[in-house]
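One structure coming up, written as structure tokens, with questions to follow.
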Amino acid sequence: MRMHECNWMQVERYLESDDRIVLPLGSTEQHGYLSLGTDAILAERIALEAAEPLGVPVMPAMPVGLAPYFAAYPGSPSLRVTTYLRLVGDLLDSLHGQGFRRFLFVNGHGGNSPAAGLAPEWMAANPDGQVLWHDWWRGSRTWQVVQGIDPEGAHANWMENLPWTRLEGVELPEPKPLVPAEQLRASDPAGVRELLGDGSYGGRYQLPDEQVLEMWRTGVEEVRELLERGWR
Amino acid sequence: MRMHECNWMQVERYLESDDRIVLPLGSTEQHGYLSLGTDAILAERIALEAAEPLGVPVMPAMPVGLAPYFAAYPGSPSLRVTTYLRLVGDLLDSLHGQGFRRFLFVNGHGGNSPAAGLAPEWMAANPDGQVLWHDWWRGSRTWQVVQGIDPEGAHANWMENLPWTRLEGVELPEPKPLVPAEQLRASDPAGVRELLGDGSYGGRYQLPDEQVLEMWRTGVEEVRELLERGWR
Amino acid sequence: MRMHECNWMQVERYLESDDRIVLPLGSTEQHGYLSLGTDAILAERIALEAAEPLGVPVMPAMPVGLAPYFAAYPGSPSLRVTTYLRLVGDLLDSLHGQGFRRFLFVNGHGGNSPAAGLAPEWMAANPDGQVLWHDWWRGSRTWQVVQGIDPEGAHANWMENLPWTRLEGVELPEPKPLVPAEQLRASDPAGVRELLGDGSYGGRYQLPDEQVLEMWRTGVEEVRELLERGWR
Amino acid sequence: MRMHECNWMQVERYLESDDRIVLPLGSTEQHGYLSLGTDAILAERIALEAAEPLGVPVMPAMPVGLAPYFAAYPGSPSLRVTTYLRLVGDLLDSLHGQGFRRFLFVNGHGGNSPAAGLAPEWMAANPDGQVLWHDWWRGSRTWQVVQGIDPEGAHANWMENLPWTRLEGVELPEPKPLVPAEQLRASDPAGVRELLGDGSYGGRYQLPDEQVLEMWRTGVEEVRELLERGWR
Amino acid sequence: MRMHECNWMQVERYLESDDRIVLPLGSTEQHGYLSLGTDAILAERIALEAAEPLGVPVMPAMPVGLAPYFAAYPGSPSLRVTTYLRLVGDLLDSLHGQGFRRFLFVNGHGGNSPAAGLAPEWMAANPDGQVLWHDWWRGSRTWQVVQGIDPEGAHANWMENLPWTRLEGVELPEPKPLVPAEQLRASDPAGVRELLGDGSYGGRYQLPDEQVLEMWRTGVEEVRELLERGWR
Amino acid sequence: MRMHECNWMQVERYLESDDRIVLPLGSTEQHGYLSLGTDAILAERIALEAAEPLGVPVMPAMPVGLAPYFAAYPGSPSLRVTTYLRLVGDLLDSLHGQGFRRFLFVNGHGGNSPAAGLAPEWMAANPDGQVLWHDWWRGSRTWQVVQGIDPEGAHANWMENLPWTRLEGVELPEPKPLVPAEQLRASDPAGVRELLGDGSYGGRYQLPDEQVLEMWRTGVEEVRELLERGWR
């Protein structure tokens, strides 16, 4: 249930018998040849597919997050970490004040993880609330499927190349070697761009949709399971 | 040009000959019988229609803003004002660092206005940048058209009832008297709900699309004019 | 009743039968040939004249506000917007803790408006409090009088030239054309100074006191009416 | 030279040959039988008398400061410490941007002292600036005069009872024993009020003006000396 | 080289030929039967052992971090996430200003991880600096050793029970079943205490020192390798 | 009782009959020829010696504080004042939530004083808590002993030269004239270094331990008295 396809009366009615809500977290940032919106698109879509049969409302994805290391790639706006924490905290506070009690953040971007650290702080202050943070592609079963397909699944390669993130008319190059994460760790934005070039972390840029969609379906299932059984 | 339908290479190419960008600002909040996303939907759409012939990139609408007075209506998340200012400031800082120089905020929600006050502060610190803030429905010509149609155009009545904000299967009631703004000013959220009831500020809930779309077209034109000639 | 002409026992006695307070908000910033303190002087004085017959206490005007666009004119200190919001919020919090419930901000400077956006946020957190924000020169009746006198009333021209803001021994020049607001919008401080020169927005620098004082008296009346009948 | 009796052209001319400015810091808070504005009144007046023969501009006193321990006395608004630090920092930043380089804070309220700790931080970031913080009544010579008159000089007793802080028609009681500072240290606001009662720290409420004005004149001299010779 | 066993002249001499520094991050929080300081003790000691042969200075461990989920266990002070981020950022800023360029955070507490997200933001603003964040027990080789010893190594069980974290005279109970991480995720502090009881995540409370010290030696080696070869 | 030599069960037991805690505050900063950790070492040790016979728990010293004026001396990390205030406030909040009610900050560094200003603010918000701030070397009796030994006792001279702050193998120079505090006040970091040279404020670098330890014993006694009788 898209929040933006409801009016407040419908939400009020929903809250009479449920208190869950899904908040997809995205980013607008370089994804090599793929859409700048990849993380937001995937997070929102996986959340919607997972929540639909349960009737749980889903907010639109937050379109910006934390991507300072991609600052040398135009089209990668980023918030400061403290700003992002306040943003996430304010969302929890105001929705909690309106009756929601169980919050599932479906995150599409690894860089957003510091905000996961707000969950325990917020629950300490709001003991009647529950907050789950889920990086969809790192869910245990989903990650297993990824590893089964190709252990090189990574940022801006086949793992994020889905029918809804690829761009019309953009051709993809041949595979390139994976850039080791260790080299990226201590790099400033110019260094990151030097290492990544086109922005992909390497490996194959595309795999047959049937393979990638298997990962996707597992991802959807894991989000749904969390929504159903992830609470305390 | 939707930012999310580009990759970073396309944005880099764009920046070789231009430095404008449009940032639509929305809100998720009660709009009576209409979509909770009304302000985000309208801001993003009007920005896209205005920017398209110019080839200027448009970010996705920020889906939450400042709506604390609607806190008694579920489905109306809101940020604290200081959080929102930081959010807007971080967007400007990071996009400026990537080559953008002229920023047009197309705002769809009156409550977001405090962030307009950041523009001069930011330009004082970044004298090579230009920031325009535009409340689309209050543009001088658009507002004239609204007044010409019906001077009672207001929050959650016909003025925001467009084919893309109305909800399937939701019936609209008969007109009700307009609630005077003065009564709302000093009210806390419970008081606001008591005064507004269904959430609309009053007047007629719907007018024929041909009338409302005249307002819309004027709105699109005004945004486009700003993009073309609003800079210093 | 000037707060600074009371001791705490007198305020405690006042609070036994009333809970209103007036907080004038000023600025120290360029006003062309007029006093740098124009906005603070006018806000405090209009508040005092309005409150006196009602016995409501009036704080001294906050002498600084938000004026980053005048940064190229020396003598124009300015706060960051987030600082100003905290300042206004702390004033409300601490006075509320001491028994005040109805707060009227009488603002003398357009640039301070972002702080008005704090009122609904604060009332959502303090539902037993009421906060009114009033830009004295834009009160509906006062603005009508201004328009009746001369539709070019603006920053640092006749509209702010009163016996208590003009400086001894300073001569005023002949009128100059009004600078269109649109040109100022996207300008950094150096650009603002280039456009405004002496700092006035243009038009006539002075009108006969009897005319300007009519505006003033209407302004005083409007503030008093708000104090008497502006509450929910 | 009162800043509010100048226009910006006069300040610009001043800055051609000087770069000093005085910023008086006050508070609005209980002072027993004396004016709630005592600290602001004294800080501003002593600054003006000291600066006048030197032609150095003086801002109006900041009317609120840090007085949380007096929260049980109505009429004692207070800022949070972090807000106050931001306020002081913003004043320095913006005036520095307009050409001032030597800043003298003349403080009238002991509770404001945490802001003195900002001076070295600000000078580390702005090595061409100099910031002096001066608690006028604790200046070495002034304090000696106070001790010579009566070692019990303290908050809201004779030491702050000057022709410009006492209130018409308010009678003063007989002396009471001094409340030991140690008892106040660990007290919450209710405890402070229990200990202080009328708000004075004790001792004599008034001494002959000729004695108190000796303290005053020494205070003025010390401020003036700092303005003349306190810089590095 | 302990920073606190140097004076500034020795550090200045060091900086003539090197620019590395180690900042251990700890926490004071419940560790079952073990010391409340376990995370700080281990982080500081592993950093010192690793840095000693290289002559790189090591700060004392930050004794508090992020542990809000243990709030129901007395002796577990915790910072807010935004405070911790500012703390870490200020350390980087001030040490960078004094000549350090390569910073290794050796972290002893999983809950501190949100601060790792500051590293890329800080490097984007300070491109001549390098920041590495290392959770010592999760280093790839160390974790392998842990898994080899007993895959149930976890908070407050044998994995953190070393000669320098165990307390004299405190007896350890028999093993208990491991508490699944999923159950802890959505729990508030009271729920966490209900699940954990004595505070250990379960498994065996102690293993022979020779085994645990193998993990320790690997941990030391990994930190040293990072210090030697982890930079870009 | 060192907090880090307890586990949480022991603290819980302690809280059944007491609610005091000591928080030593240090700094890592230049101390001339002495240890960079002088302030942290002294604060922690004096707190431990004072608290031991009373069985009150003592946190490890906070190793960094406010020392921006020493920024030209490498090895002097410093927090921003607002960060430090948040840090101190968070410690109070979280320990208060776990049952502590009486907090004694034993401070070893004059520059940390702005945080003392948080105590009344915090007690106003937490009226069941008591916060004492004590600069150990400025305690009235300790200071008298210092004056009796040598009125030139100051930063990084004999007054801080104790067996546990002096460094092996570092020779001390002959006395030098005391640098007048007034000269330091308005100096930026480079100016401070120019004035202080080796970092000591001047006077004698060392006195016989028997003299300095008399100061120390008095310092310990004063802290203990505060712990026993300093509360309201």
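Each chain carries a letter (A, B, C, D, E and F) given by its place in the written order, and its residues are counted from 1.
Going forward, contacts are C-beta pairs under 8 Å (C-beta built on N, C-alpha and C of every residue); 3 or more make two chains touch, one makes a residue touch a chain.
As the structure is a computational prediction, the values presented were derived from the model and not from experiment.
Each step here moves to a touching chain, and the least such steps from chain B to chain F number 3. Where touching is counted per the definition, chain A and chain E have no chain in common. Over half of the residue numbers at the chain E-chain F interface are used by both copies of the sequence. Chain C and chain D have Cα centroids separated by 25 Å. Centre-to-centre, using mean CA coordinates, chain A is 46 Å away from chain C. With each centre defined as the average position of its C-alpha atoms, the distance from chain C to chain E rounds to 53 Å.
Annotation for chain C: residues touching 2 or more other chains are 68, 71, 78, 80, 82, 86.
Chain contacts in this assembly form a single closed ring in which each chain touches exactly two others.
Beginning the circuit at chain E and passing next to chain F, one meets the chains as E, F, D, C, B, A, using touch as defined. Interface residues of chain D, counted against chain F in their complex, comprise 66, 68-69, 71, 78, 80-82, 85-86, 102, 111, 113-118, 120-121, 123-124, 126-127, 129-132, 182-183, 185-191, 230-232. On the chain D side of its complex with chain C, the touching residues are 3-9, 11-12, 15, 28, 30-37, 40-41, 57, 59-64, 68, 71-80, 82-83, 86-87, 90-91, 94-95, 97-100, 167, 170, 198-199.
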